[in-house]
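Following: one structure in structure tokens, then a few remarks.
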Amino acid sequence: MKRATWIRTLVVIGFVLLLEGLCRWGVIGRMTMIPPSEMADQLWKLLQSGRYNGHIFETLGNVAVAFVSAVVGGFVIGSILHSLPRARRAIDPFLATYYAIPFFAFYPLLVVIFGLNAAPIILIGFLFGVVAMIINTMNGLDRIPRVLIKTARVNGLGPLRTAWLIKLPSAAPQLFTGIKLAIAYSFIGVIAAEFIMSTSGLGYSIAYAFNNFDNRTMYALMLFIITLVTIVNAFFHVWERRIMARRGQ
Amino acid sequence: MRQFFDSLVFAAVLVAIWQGLHWFAGDIAIASPGVTAERAMVLLGSPSFWGHFRETFSALGYALAIAVLGGMTIGLVLGLHRLSGEVAEPILVSLYSLPKITLYPLILLIFGLGMSAKVAFGAIHGIIPVAIFTMGAVKTIAPVYFKTARVLQLSRRQLVATVVIPAAIPELVSGLRVGFSLTLLGVLIGEMFASQRGLGFLVMNAIGTLDVPTMMAVVLLLALVAVMISAGLLYLDRRLHHRVA
Amino acid sequence: MAAAQRGRGFAREPKPGGDMAEVHAELTGVKRVYPGADGGSVHALGPVDLKLARGEFYSVVGPSGCGKSTLLDVLAGLSAPTEGSILFEGREVAGRVPPGIGVVFQEDASFPWLTVQDNIAFGLRRAGTDAAEVDRRVSYAIGFMGLKDFRKAYPAQLSGGMRQRVCIARTLVMQPRLILLDEPFGALDAQTRLLMGDELLKLWRETGATVMLITHALDEAAMLSDRIGVMSARPGRLIADIRTEWPRERDSRIAAEESFGAITSRLWGLLRDETVKAAGMSGSSR
Amino acid sequence: VEVTVTHWGVLMYGAPYAVAIEKGFYRDAGIDVTGVLTSKGGGTTMRNVMAAGMPYGEVSLAAVVAAINQGIDLKIVHTGVQTVGEILWVTMPDSPVRTAADLNGQKVAFTSPKSVTDMLLTMVTDKHGVSVDAVAAGGIGAGLTMVEQGAVVAAPVMDPVWARFQDRFRPVFMVQDELPQMTQTVGVTTAEFARSNPDTLRALIAARKRGVAFVYENPEETADIVAKHYEMDRDLALRAINNLIELSYWGSGEFNLEAMDNMIGGLRIIGEVEGTVDWNRFVDASFLD
Amino acid sequence: MAAAQRGRGFAREPKPGGDMAEVHAELTGVKRVYPGADGGSVHALGPVDLKLARGEFYSVVGPSGCGKSTLLDVLAGLSAPTEGSILFEGREVAGRVPPGIGVVFQEDASFPWLTVQDNIAFGLRRAGTDAAEVDRRVSYAIGFMGLKDFRKAYPAQLSGGMRQRVCIARTLVMQPRLILLDEPFGALDAQTRLLMGDELLKLWRETGATVMLITHALDEAAMLSDRIGVMSARPGRLIADIRTEWPRERDSRIAAEESFGAITSRLWGLLRDETVKAAGMSGSSR
């Protein structure tokens, strides 16, 4: 594992250096891409100037709200669907298609329903994240060994305590997968919504920089998002490993 | 059969909610199901719609071909070679959760406009889930299959073609389901930005001219096609998994 | 040693010998039919009549899928019988698990998210036993089961046999008066089964509980039990009842005795016919 | 080849191009224009121009200036729409708001920050000395919906969307009545292309010019052509074209530096431009004849 | 019946009786050390010396984790020995599986995506055998294994025992001269094992092949083999070699004979010590 981590680091560094070289030698034109070092430099300046702090915090706030509601909502919906197998089978084909539907088309609708604030953006993030959570909640509940439920009965546990003490921890690995996907999709949804329709936030700022030929800012912000997502991923990766290592998985 | 009926009931519930939203929000925000259906029929009768339709789905076809072939190849290689798999997996997962729309300007700058950008954008959405699922599938193939292959004196090519791929197929179809949806989304987003043809363009245009019925009708038709393809894949998925279970 | 540990170990109260004639659990005309696929139904068990004497070690053997686990489920109150009545300590068992019954299941039922000691303490904590008492009983069980070095380990870090021991300990700390074991050593090799069998005998003697053991292994049944019930192919009925007449103080060394060979031979014989029957339908079930 | 026109299929900048394609003006000029590339507008379209096979198109002046400011070597070779007068702010018919002055202290929508509507709203309110609570709606549709829902009192709109909803809203003010003439779009190409393909450019511009003339002469037929190319309702197209003809919306291509400076002035107000633009460096009128 | 099928069944060539003294496979000083976790190493096997006579039925018993599967792997050429040499039919086996060896693995190795008949034909097709010959051999194997009604079924529709039969058939159609079976009936209950054992004996007689069977079940080893090797706890060494002296024509009914009891008793005795040793370290392995 250690070795793989090393190699991975080298691969990433090598890739960045390659890009740097290609940009510097003009193989990739300046109008197409700027060297990674300049991206980092510009990002540093942007962060220092604080000009984008508002956008950054707004986006992070939106993602956080979308993510939390996706996890909670997905868990609740998933649990309900799991207990209604007939409804579940009816809904299955729709769940699978879900991501192919361009929600952005409904932005005006969302504005009407929720007013002109962060809610429509958050809702799109939520809509992206919630299905991953629903699917994984159902998977997790599916995989609870029946013998554990029997054990609960032998110990005289009622339905609520069975859910809390047995079902939840038993389904934890799949729930965790759901949570990881939910955060990824909340990110994707919020940033895409901002990119396409919004008037503020990181996604908007990238689109704005793109429109104004401000490649330096655009790439700096892209770098920011990539770094952020990678860090969040790494955090979840480590956390998951910790939990799963105990269970020996 | 009963399941089909249940799905219809669910669809009816969706339509009822839709109608409710229409009453609540008014027709600039959302067209009624009736008006949308009417508009959809008109679109279905117009040759230009089919032009857009072909455009989108041929882009989807290319993108999907790239995503599936590329993703499977990457997944197979990484799955069969443990070290590269370990090296690559976290990178793939990071790329998977990256909001790829932020890469859109880059795609545009590299591929220019039109078909190739759309295909590229669709493919980068689809290729990673396919690769991840394939890798997962190959990695979890029971070691005893590889031993069996050695005892039966299979060559490396025979091993991949007759053992690894068939063993991984159920998972591949699951990956394909996710990959399909995301590829379509990618193609549509691509069309929404810079294009003069395709269903995504139609939607964006309709949003621009505030032609709500057309917008809703196109989304509806898209959703219908996607549901049908996806239901087909789901059916295949269930059958394959059933055979293994 | 057993005497010294009484009262602080698994035994609820000193139980000298026990009156072998007292009926502890009784099944009368018990039948279980499952709703099958496509609207059909699967007759899994019965009718079965069975009396378990208090303090008895009773084993059930029978071909795969004949309804052994079903028998255990209805006796434990985990599923209601379609027909017939079940009495435990004189009271009707009706779809609820009565207190005083402990079950060790065929599948691994250890909780992967709890350490060995938390697994073992699980039932006691849920029952609201006070902390000191929980500690006392869990420590004792851990010692008895040879899990001392693994009290903080998670099940995934244990071998199948040790996980099964965790499940047995989790059941025993509740001091059940009737212990039902469903192929508890199914996942183990013959050699380890031997050791576990000896431990089980020790436990049984110490607690004075009634034991019903379901097993596939004929020699295991022959080695451990006071009495062995042989089940027919599905729908499972008890087609023979064999008494071993072993002394209460015994262990696996009785396998060297001549009467052991006689008992196994008889079991083999009984089962051959049943096996041929069961094999004839093996394609359709499972 | 394909030309690029911002908001093709959505806004009416493209009408002369549709006519020129349909009536064969391009073919007559010796260019085979097969289609029109487009996008949501602004810098995206500008980028499209540069990425396209033939780097020529009609783009908003604001986007061209943004590109120029980033050091991109462009040539403005003709003007397109010479006014932003077609933009108007509307309210509900029963609203007490009647004039721009009535907007004081109210919530008013514009599309997105630093867009043309942002700029115009600022200029109009400045002119009347009123202060409004300006709200970025994100789009025309969202703005109108907000008006209907009472979230704002007024929102911007323009043809052909305006033609679609003429009966449902009442104008508060029209930019035409409030502000001086401002150049909205220009024809743009790369300096490189201008140098190497002067004849092509000349032909392209001439064909468009014929298209413009045709629009003014034959509104009915233009409506047919636009309806076909934009896949739009024919009556709607006609209504929009008639509205716009009244405003002299499409220019034949000649430069009006004052109108361009007016636009720059507006952009300066919203902070999109600093200082003045030296048109001499970027305007090349030599392809106009 | 066996005579009539020779030449079109599993047997490569008529093999009347076979010269029991001819050495078919030979292991000399074979040792296997696995790289363990944290840079350590696991000494899994050996040193082992073993000679298998052509046509012999040899069984290996031993505690769990003692290295039985490792022994099979090195003998089959699936993994190279750390030390020592392995000869099969006089040629060195060095990390490649030599033709003529067939293996039935401990885990279910049937391919779930192929029907029963395609599973069985798999190896033949890959080897480029012509279609008519494939059909002939597969049909014969299907008949012999009692899979006639299931030729078009998928493994998921079969019970564990039937799936194991598919794997055995897939191995046998390749007409191996040395058949290695790694607990092929491990997943089955004692009763079904009995039937499968009888089938295995029939096969062995018919093909004239050399068989090495790894098993956990002592009675199974005692019932089937010409010779039984007993392995010590890890690192597995052969600590005893027991000849049964059964006639070539035999089946499970020999379990009723007295010498059967004697053999099992001896095996139990040998294993008790080993078991105690293995149990002492069971926490660390697996």
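Per-chain residue numbering starts at 1, and chain names A, B, C, D and E are given in the order in which the chains are listed.
Simple rule for what comes next: a residue touches a chain if its C-beta (ideal position, glycine included) is under 8 Å from a C-beta of that chain, and two chains touch if they have at least 3 such contacts.
What you see is a predicted model; the values in this text were computed from it and never measured.
J.: Tell me which chains count as touching both chain A and chain C.
T.: none
J.: In the chain contact graph, what is the shortest path length, in steps, from chain D to chain E?
T.: The least step count works out to 2.
J.: If you count the contact pairs for each chain pair, which pair has the most?
T.: Comparing chain pairs, contacts are most numerous for A-B.
J.: Work out the mean Cα position per chain and let me know which chain is farthest from chain B.
T.: Most distant chain from chain B: C.
J.: In whole angstrom, what separates the CA-based centres of chain B and chain C?
T.: Their C-alpha centroids are separated by 52 Å.
J.: As a quick test, compute the distance in whole Å between the mean CA positions of chain B and chain D.
T.: Whole-Å distance between the two chain centres: 36.
J.: Give, as an integer number of Å, the spacing between the C-alpha centres of chain D and chain C.
T.: 84
J.: Can you check how far apart chain A and chain B are, centre to centre, with Cα atoms defining each centre and the answer in Å?
T.: Centres of chain A and chain B (C-alpha means) sit 18 Å apart.
J.: Of all the residues in chain B, which ones touch at least 2 other chains?
T.: Answer for chain B, listing residues that touch two or more other chains: 25-26, 28-29, 105, 109, 192, 207.
J.: Enumerate the residues of chain C that touch no fewer than two other chains.
T.: As it turns out, chain C has no residue touching two or more other chains.
J.: Listing for chain D: what residues touch at least two other chains?
T.: 44, 47, 139, 141, 145, 149
J.: When you check every pair of chains, which ones turn out to touch?
T.: A-B, A-C, A-D, B-D, B-E, C-E
J.: Can you name the residues of chain B that touch chain D in the complex?
T.: Spelled out, the residues of chain B in touch with chain D are 25-26, 28-29, 46, 48, 105, 108-109, 112-114, 192-196, 201-202, 204-205, 207-212.
J.: Write out the stretch or stretches of chain B touching chain E in their complex.
T.: Touch list, chain B to chain E: 142, 144-145, 147-148, 150-154, 158, 162-163, 166-167, 169, 240, 242-245.
J.: Could you list, by residue number, the parts of chain C that touch chain E in their complex?
T.: Residues of chain C touching chain E: 63-64, 149-150, 158-162, 188-192, 194-195, 216-219, 252, 255-256, 261, 265, 268-269, 271-272, 274-276, 278-279, 282-283, 285-286.
J.: Across the complex, what residues on chain D touch chain B?
T.: Answer in residue numbers: 2, 7-11, 35-40, 44, 47-48, 51-52, 139-141, 144-145, 148-149, 160-161, 164-165, 230-232.
J.: Taking the touch rule as given, give the residues of chain D at its contact with chain A in the complex, in rising order.
T.: 42-44, 46-47, 50, 63, 66-67, 69-70, 72, 112-114, 135-139, 141-142, 145-146, 149, 151
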